[in-house]
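The following pair of complexes shares a single chain, chain A, combined with chain B in the former and chain C in the latter.
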Partner chain A sequence: MILDFPQLISQWETLPVHVFTAHEKGEILTIGAGTASGAVSGAIQGTASGAVTEHWKWPEQSNVDLSMDWKKAARITAGIDVGSVSSQAVVLLDGKLYAWSSVRTGSSSPDSALKALNQALKNTDLTLEKIPYVVGTGYGRVNVPFAKKTITEIACHARGANYMGGGTIRTILDMGGQDCKAIHCDEKGKVTNFLMNDKCAAGTGRGMEVLADLLRIPIQEIGPLSLKVEEEPPPVSSVCVVFAKTEAIGLLKSGWPVEKVLASYCLAMAERVTALLNRIGVEKDFFITGGIAKNIGVVKRIERILGISALNSALDSQIAGALGAALFANALLEKEERGKS
Partner chain B sequence: MIANYGYTDGSGEYYISINTSFCAECQTHPCISACPQGVFEMITDDYDEPACSVKDSFRKKLNYTCSTCKPARKSSESPLFLPCVQACVNRAIKHTW
Partner chain C sequence: MNTTRSLQDLIKPFRDWYKNRHSYAETWKENHSQQVIGMMCTYVPEEILYAAGMLPVRILGGHEPQDVTEAHIFGMFCPFSRDALAQGLKGKYSYVDSIVLSHSCLHFRQTFTSWKMHLPLKWSYYLPMPNQVQSPYAKQEFQSEVKKFKEFIEKEIGKTITAEALKQGTSLMDKNRSLLRKIYELRKKENPPITGADAVYMAVTSQFISKEDHNTALEALLEKANEFTPSRETGVRLMTIGSENDDVQFFEMVESLPATIVCDEQCAGSRYFWNPTIDAGDPIQTIANRYVDRPPCPTKDYPERKRFPHILNLAKEYGVQGVILMQEKFCDPHEADNPALKRFLEENGIPTLTLEFDSTNPLGPLKIRVEAFLETLSAEELFS
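Take a look at the complex of A and B:
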């Protein structure tokens, strides 16, 4: 009988035999536990090469609008958002969305910026040299070597959200990889009030990745699974991601099903970010950007606590910062051109 | 623009709020010299406006940094007693704790 990791954890102490297998490089392939007769076994399955499945890994994405022709565009601009967990690139033709990508940030910000741009342009013959204005934003914005200007992610998310959700948006919640921002903006997407919390990873994408890895559940499945509880459990009490992880293990060992642990964690995250939002107040319309906007378990709970629904967009919530940066680049290039004429 | 710098942690909420719409008209920026810890700096914001800002290096330790000023405020029971708040004639600076 093969158990998944949470089941194994909950039964660990009742099983007398604990087994670890490793391949020749010393990497763990399997952790198991069972009875002396081997009736129960298995847990983390590695690949033949010794690599253990990384459940936190979300799929990298890109898209290009092939109905548009960049050669006919008067202005080509790009925005690059280098975050702590993910990097995005957005390319605009005359202020309209042409291509975008969302990739994982590596150890080097300049390489991540280039990787994001190359990924966005991979199905086109447009190259970086033909893009006259690039704006960098995000945590690694100062390390985008081909950016002509850097702009904070707060201003870029507001501008991107205004494009994605329209001019009625007044409150934006950006739940990024390692920080969280509450933003108010006007009808043009200009920031009027903001608050950022980057002191702790709880309530952020990184916290969710840690949970996905701990429970061996693909990160995209956490939100839907967390909604499969009949009754909402209390939130995990710890706001710190390290303690929340320990608490989650304790809950599994005490017999909580995985869905209930996920619901408890998503609720804690929702309560934490709504407290941040309430500090500046929530005005309609409300919009959520960043990777966690894709976690329906967190989004539904935020909406329930606030008593309002977040506006939806057909575009990927994760590209809001890069999109805002590209829109700034478009306006700045236009200004430069006006100055020359 | 109202800019809130700081954080929430297990012990409380520590934010300094600055209404930067006053800063463009402010000639001498007295908040900067008034702060004994050097918390503030003038920046050009994303909309090319001059704005007072909390330096990056202080944003995650405001409770600790401001602790030397806070007892004085408590004894006077007035937030105006904080050197930064007192220095800004536009009352653009507020503390949440």
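Take a look at the complex of A and C:
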């Protein structure tokens, strides 16, 4: 069933737009020109019970290590990574991981930062006022009001990866919501060189979300589904979010099964980031951070193209930036204390 | 505090000229009743134009979105060539009587050709400047071209340009070059009183403000220069390398991080004024030699890349800790040099960051790249 929200879009009803809708198996039901109201009702998919399913939505998460006691810690620090799509908070006790969260970024960076921190601390009685040093990072880093210092996510991801995967890591690929970065670092996790994608968001997490919505496949299932092809299809010709969407519809219409379309999109994304990695050079060990690191369809393809395996970590790949920021906060607080004594 | 204010007062004329360049030229024209000449490359021997009493102004872009050059210049030509033409088509340079292009790159030649076809001019002149400046015949060849250009101008003004006038034009230009060099000397200090953005204002305005006025403002600043100490955190010492990069917003953003741009190798900067003339007897030969010998544009830097050792010398003299390679989008001559230049600098222990520039630039994405680059050069306290 498709929901209609005429009350929401009454003022748009006369605007001509193109409308695409597809059903679960990917067959195109309607393609053509219509009004904005049709486009909106097509974009927001409903279930028979009336609840809205937004397939792009990945679950917000948090965790706390209850075996640790923050009251016994000498130094409590936090890192907040306000990204373009998701925000993370990490809290450390004496430099050890205590609590973390990963939530969706809202329209306000300060609110998203606070939301992430509250989420991380929700099962504890620790509060923001008791954290003396917070470092902000990410796209919204300058808008973390309670951060004492901001550090770029490039430095933070390298430091976080160094904690998560160890000092042997030399190359990091961070695949975020709206950009990706290839980073080289030394044994301490200090950045020695880096490259970012050009200024558009093609082939990043946001593109994957758009595809999930278009194909009505929960975003976590895209990776595994994309590997269910007998033969690897050619990549879509563009990972531009807009063009890829159009191309995916064309491929579905020409009879491609959904998993083949997904394989084609994941491959294009993998090729784009490996081109970035090859420009900087890939040195062992290799580590992937960011949301796309959770997409096995992209990760496996990157590993195949590079002929190298990415190190695994028990920790969530998305918290690397916030973790690095919290580790820097710990180093800075320690330095402050040394200065006082 | 007083010192800072007076430094800002002395820099203010350059900032004002940068913003109000067109009204300056219009007023100049009214007061002098002489031609204003649009020069389309820094290889134009302005000495001749000053000797003829004219005002040469370099045609530059406006760093604003525009939609008027689509029909004139290919999309894969550099944004600067389009932005500069757009300023003409939009009537910003309506006071320009005539234009001169010295031969350099194909992209800007299209700006010249389209300008000539579509905008009212008294005359236009294409001045062949040998690309192979390393040839033993380059000076002789360019001398003959400068001579032809002088004769052309003489016909235009209806009188002879005397040897004395040529010498005056040359010494006016040389004085400006030497004053700008003194300004750059200040940037060698451990705490440079002049920011990179200030230097851009000064170097770029020298390309379109009458050298007499420009010299007066530079002298006023230099007179007090030794009293100044910066009131800002100076941070990492950077050098910028590029072509026509005068987007001051970028320089100001970099220096707010903080960092200080202590030197540059750009045609909107040091490359324009670096070397003075050396007397060769014949005043025309003196002028011609100066352009053949100047720090070359990459279009003219072959078969040997003479620019590279010059850049390394600058980096060493100015205590540069990192270089930002400012790649103007689609500027092929620079793009062809940059991979080799990057390797060359890094082999000599100077880290680089390459950034791509358009006429208008998104500061946010550029900022994160520069910030991260600065973190690789410092931020030791985070790892102790």
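Criterion: the second predicted complex is superposed on the first by the 289 of 341 C-alpha atoms of A that agree within 3 Å, B and C clash if a C-alpha of one lies under 4 Å from a C-alpha of the other, contacts with A are read in each partner's own complex, and residues count from 1 in each chain.
As a convention for this text, a contact is a pair of C-beta atoms (placed from the backbone, for glycine too) under 8 Å apart; a residue touches a chain by one contact, two chains touch by 3 or more.
Predicted model only: the values in this text are computed from it and were never measured.
*Asks:* Report for A:R279: first if it touches chain B alone, second if chain C alone, otherwise both or neither.
*Replies:* In the superposition, A:R279 touches chain B alone.
*Asks:* With the two structures laid over each other on chain A, which partner does A:N63 touch: chain B (first), chain C (second), both, or neither?
*Replies:* neither
*Asks:* For A:T192, decide between first (touching chain B), second (touching chain C), both and neither.
*Replies:* both
*Asks:* Could you tell me if A:T152 is touching chain B, chain C, both of them or neither one (first, second, both, neither)?
*Replies:* In the superposition, A:T152 contacts both chain B and chain C.
*Asks:* Between chain B (first) and chain C (second), which, if any, makes contact with A:K335: first, second, both or neither?
*Replies:* second
*Asks:* What is the shared patch of chain A, the residues that chain B and chain C both contact?
*Replies:* 151-152, 154-155, 190-194, 196, 198-199, 328
*Asks:* Per the contact definition, I'd like the list of chain A residues that touch chain C in the complex.
*Replies:* Against chain C, the touching part of chain A is residues 151-155, 159, 179, 188-194, 196, 198-199, 328, 331-332, 335.
*Asks:* Please output the residues of chain A touching chain B within their complex, sorted ascending.
*Replies:* Against chain B, the touching part of chain A is residues 151-152, 154-155, 190-200, 239-240, 275-276, 279-280, 328.
*Asks:* Residue numbers of chain B touching chain A in their complex, please.
*Replies:* Per the touch definition, chain B meets chain A at residues 1-5, 7-10, 13, 15, 46-47, 59-60, 96.
*Asks:* Considering only the defined contacts, which chain C positions touch chain A in the complex?
*Replies:* Residues in contact with chain A: 356, 362, 365, 368-369, 371-372, 375-376, 379, 381-384.
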